[in-house]
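One chain, chain A, links the two complexes that follow: it is found with chain B in the first and with chain C in the second.
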Partner chain A sequence: MSSSTVSLRQGAPRPAGRRGPRFGAFEPWFYLAPAFIVLIGLLGYPIFQLVNISLYDYRQAQVSGAAPLEFTGLGNYQQLLSDPQFWAVLGNTVLFAGFCVVITILVGGWLAVLATRLRPWVRTLLFVVSMGAWATPAVTGSAVWLFLFDPTLGLVNKTLVALGLHAFDGYSWTYDKWSAFGLVASEVVWCSFPFVMVTVYAGIQAIPTEVIEAARLDGASMGQIARTIMLPMLRPIMMIVIIQSIIWDFKIFSQIYIMTSGGGVAGQNLVINVYSYQQAFAASLYGLGSALGVIMTVILMAVTLVYLRLIKKDGEAL
Partner chain B sequence: MSTAVTPAPVAAPDTAFSRKNLLATLSAGYVPLVLATLVVVLPLLWMVLNSFKQPSEIVTTQLQFLPQAPTLDNYQAAMTTVPFGRFFANSLIVTAVGSTVKVVLAILTAYALVFVDFPFKNVVFVLILVALMVPAQVSILPNYILIAGMGGKNTLWGIILPGLGTAFGTFLLRQHFLTLPKSILEAAELDGAGHWRRLWRVVAPVSLPSIATVALVTVVSEWNDYIWPLIITDKPESMTLPVGLTLLQNTESNGAGWGILMAGSVLVILPILVVFAMLQRYIVAGLTQGSVTG
Partner chain C sequence: MKISRLAAAVLASAALGLTACAPPTAGGGSASTKDETGGTLRVWLFSEVNQDPKSAVVNDAIKDFEAAHSGAKVDVQYIPTDSRAERFKAAFNDPSSAPDVAEFGNTDLANYVAAGGLADVSDVVKGWDEGKDLDPKILKTTEIDGKNYGVPWFVGVRALYYRTDLLQAAGLKAPTTLQEVETTARALRAKNPGTLGIAVGGKSQFSAMPYLWAYGGGIADQQNGKFASQLSSEKSKAGITAYTNLLNDDICPPQTCAEFGGNATVQQFIAGKADMAIGGDFNYKAVAAAPAVKGKFAVIPVPGTTAGSIAPAFAGGNNLGVFKSSTHRTLADDFVKLLAGKKYQQKMFQAMGNLPTFADVQKQVAGDNAYLKPFVDTIAAGTDFVPVTEQWATIDAQGIFTGMYQKVASGKSTVDQAAADATTAMDKVFGSGK
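This part shows the complex of A and B:
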């Protein structure tokens, strides 16, 4: 991190003066400096430490200073990559997060487009209700969903039994791997689609209304308008919504941790973040946990860069 | 849509009340909307209803939706078994200070990333993306060592400080600024407006919906932040609401605890709805209210 800022500073005087000499070449740095200080101090340092710790055999004894610190290089990474459980957890994470991202974007985007056509009071109702879901802390959101799907006390099973489906009497939704993942995914979509909806809606509002009106007068359907006008103009907004969803859903922690009691039966519902937390804090293998964090950051980065590549148009900035 | 004014000719395929149009409207619009709203509402409704129920009504195998004897006991218990007022004040301070700093930083940085020429712009942007991707659970240990070493344990600034390092707002605003037509800025530049005036007089006002969105996202995440405040505080005096809620959960593990937890959750969500009510003018209604809706 620090080396890049040094080189940035050296490069600054050359092209920046073009805009006029009011503040001189230092003006960009006036805007960037506060953010840089915060970013380097509060993100650069943890990232550096994360990579650093991942290269050591770092356990409770090393934290308290009872044992000497042993540099193991890529030993933690080697151990992980040769562990079948790591690959199983990674597979779970990709499937689960991918599913959540797709559903969240579809639901949120569709409701945002729909919201532009609703009467104001219906729209406000939809938004207020969604805000409630969004504002629910992950801890309580998970608890409420779990309670709704409780084998004997839950509203869902009681209703199903009352409808005559006695197979659901005492049926556990969290016992089977995929029904457990499905339940958690429902909660995740429930609390994350409002962000997509609100952001996309704000983006749609920024589109000049004449364009949409003109298309509508020409007889274009809502689907056509969404596909041919809104989507291209919303590209930068869709990009953030999709990347943010990828990042959030790959980092899901609380929901899995609470709803599947720390990873499900025999760890069948472990995702990488819960696994990493288990290794780092429950088993006190800080080095291994940090290595997992690094791997996850690299994967997220790769996914994001591939995505940016795919949507990037020729000759356009990132 | 406009053809609806004239009386519909019999069996004309594309008029407002034709079977085809009616079916299309229902399937593409209102039926899924009603379903979606129901699914979204149900957990919230369940939470609110249970917050008014007595323990015996919560722990029952009977299918019972409404509270038979509505009671405020749960709310009273939530407010008195833990220092609720203190939690509330702490959360308010942390959210207000943290969100304000984050939003202002995000506006400044995003403006520089889009409208100011400087070298290595893409490198800076990629660094911001990296910053977004570091999982919170694993950066907790280094952060804890850093903040505790600075004496930030059980202080409000200790809760606020590491959170300031999120890059989300910068990212969202950058993406929005990219969609702004360059012409409005060029006009301001020709009028001799410097960056500072261009930012606050031109860019910020036309970006109010996006800035309000960033503010909302930031407020929600600050308000609900759980893991970091949980780790950096262990005294009730400096705890925030979500952490305090866990105390409620821990006090009673039976049906009574459920009702109290639900009551506490309702109390946590309400302030966010107030913030939303204040910001919705910019987000939901937008700047061009009425002109988009047909």
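This part shows the complex of A and C:
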């Protein structure tokens, strides 16, 4: 970092430099320009078009110019918000994503703590195995999971039957709403815990050993150390991990689409992304789909902003 | 706060932008006025798993065509069926990359017409000496507001496959009514507990439709240019009940069958795990070659509600059509008439097993190939089709029709409730279109 950035952050007047004072006001913008241009191109414009399209009756006929474009204002939103299925799907999504986030954080966090106490070769093995899960594309992972849980030929049912649980002979894991969600959730947790584990592990490693040692000398128990020293110091990292997981799990598409073949029996396993694909894009109702996209963006931005505010209040920067 | 100021700026510019510009639309939708008699005619056909025989027939047709039209060349591209939606949409949006002639599924037709991509070929069919022999019910699947937008190239229908060995062992005869299909299936499963009495599926809509039609019901009716769902009529509900009766623990347990699509049901039969199944003429080769059922099965038309009658089958199949944006309209029409004509339909049947759409050609090939008889009889008894409107694509994508069967099969709804829900959902979609 150059000294000028530091002085800007501190709000101090710029020391007299090579350039005149008039340039000073533009200087931060000058440095930010490349990032802004990329952001506007890749984020700003698409979001603008998304909002724009959501206000029109915009179907394939309109895209290819066969029918006149009709401005419907908030019509698409009205249609969505008055549809009970939309609310049911939103409820499913929140529950499902919430469940996945909690389990992912618990499993990932627990394994991270475990990793700090393992012998190096065991830890390496754990990491290599987890990286395998992490590196598996969602589509492949879902397909493999489905093979494992196949009603008649899957390893899981065969094992359960061999153990004497004959109720699992031909048992379909995707038929019941909650068992189908559970099955998908297990795949989601499986492929997303490594990120949590690695990040939290790095965070624990970054805590200076002196601090812990000092606490131990003062007579703190292991539980106290974890609660009052390690957790607060891990907070920024936990925040990132939680926000990431919420965004990630809220947007789940491939796993549900593949494992419940497009939303389960009579659409019982629809989550918002699959719903928007099915209702809007596969059906060529782009206006409606964009409205759904806008609603999702707003929800996710609200979640992120709340967390950012929480962190800011505590005086910690990310 | 920085963020809110930025947000305000974004909102303000968005509001400004909204009043200034509408979402992008292509200038397409209007017919080309050019009609060149030379140059390259671009053709899109679907690629097949078994591509070589199709290419060979098409190449013969091109040779014939180029010999009869000097100065014209034909450039064929084989496109994968999986990505056809994207391909066609792109072609409608950008006429310069569009073909002149294309093969497409008959259930996609209404959607393509609504997008303004297909040319009216009614005059081609009327002015064509072979046109009068096209099966009228199948030609009807290409018709919107009295105009034809495609020429049927081949047709596919489903019939009832059953295991002759298992029926004989159980002392049963082949079912002659839909009622007997149910009782036979139940008896077969009781005798062979590891198998499905008849493989049907909550998602296999094309085996559910014959039930609906056989009981006199229907999917939707058109009145004054607008469609209205017919699923809640008493006759329709009788058909839905008869079909969902099969999705029961003593025939085809919903645990297993509620999620089956059409292919999955045929796969069960091929694997020897189903005693009966509703499969298409296009499945016959695969079934006949399957070790588990080879030589142990027979096919009859899906019976109707009275003995001797045949349930109306769904007339699936593909058409050949002309793009509205084509700058070689006369050449394109001529090529369609050649490739979809009797001579090449016959060749396509020999190469690919595709059932011809001309009544006389059908009879002829059925005479030479005994296995086709139940399918040709089914077509002759009269077929039916999904509502020919772009909104059917929406209803299909949203799973409204199959969702109804799944709700009943899984015990989430009664037939009355599921049919009422589907009617409401369908009518909402029908009402939203033009």
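The rule we apply is simple: the second predicted complex is superposed on the first by the 262 of 318 C-alpha atoms of A that agree within 3 Å, B and C clash if a C-alpha of one lies under 4 Å from a C-alpha of the other, contacts with A are read in each partner's own complex, and residues count from 1 in each chain.
We adopt the following convention: a contact is a pair of C-beta atoms (placed from the backbone, for glycine too) under 8 Å apart; a residue touches a chain by one contact, two chains touch by 3 or more.
These numbers were taken from a predicted model, which means no experiment stands behind them.
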Please tell me which partner, chain B or chain C, touches more residues of chain A.
B
Looking at the overlay, does A:Leu118 come into contact with chain B only (first), chain C only (second), both, or neither?
first
Give one of first, second, both or neither to describe whether A:Thr140 is in contact with chain B, with chain C, with both, or with none.
first
Examine A:Leu285 and indicate which partner it touches, taking first as chain B and second as chain C; both and neither are also allowed.
second
Answer with first, second, both or neither: which of chain B and chain C does A:Ile53 touch in the superposed model?
both
Contacts of A:Gly65 with chain B and chain C, given as first, second, both or neither
second
Between chain B (first) and chain C (second), which, if any, makes contact with A:Phe253: first, second, both or neither?
first
On the A-aligned overlay, A:Ile204 touches which partner chain: chain B = first, chain C = second, or both, or neither?
first
With both complexes overlaid on chain A, does A:Pro151 touch chain B (first), chain C (second), both or neither?
second
In the superposed arrangement, does A:Leu80 touch chain B (first), chain C (second), both or neither?
neither
Would you mind listing the overlap between the chain B footprint and the chain C footprint on chain A?
49, 53
Quick check: in the complex, which residue numbers of chain A touch chain B?
1, 4, 7-8, 11-12, 14-16, 18-20, 22-23, 27-29, 31-32, 34-35, 38-39, 41-43, 45-47, 49-50, 53, 107, 110-111, 114-120, 123-141, 143-145, 147-148, 152-153, 155, 158-159, 161-162, 190, 195, 198-199, 201-206, 209, 212-213, 216-217, 222-223, 233, 236-237, 239-240, 243-244, 247, 251, 253-254, 273, 276-277, 280, 286, 289-290, 292-293, 296-297, 300-301, 304, 317-318
As the complex stands, chain B meets chain A at residues 1-2, 28-29, 32-33, 36-37, 39-44, 46-47, 50, 58-63, 65, 105-106, 108-109, 111-112, 116-139, 141-143, 145-146, 161-162, 164-165, 167-168, 170-172, 175-176, 178-179, 194-195, 209-210, 212-213, 216-217, 220, 223-224, 226-227, 242, 245-246, 249, 258, 261-262, 264-265, 268-269, 272-273, 276, 280, 283-289, 291-294
Touching chain C in the complex, chain A uses residues 44, 48-49, 51-53, 55-56, 58, 60-67, 69, 71, 151, 170-172, 174-175, 261-263, 265-268, 278-279, 282-285, 305
Residue positions on chain C within touch of chain A in the complex are 3, 10, 13-14, 17-18, 21-30, 89, 92-93, 111, 114-117, 202-203, 254-256, 258-259, 390, 393-394, 397-399, 403, 406-407, 409-410, 412, 434
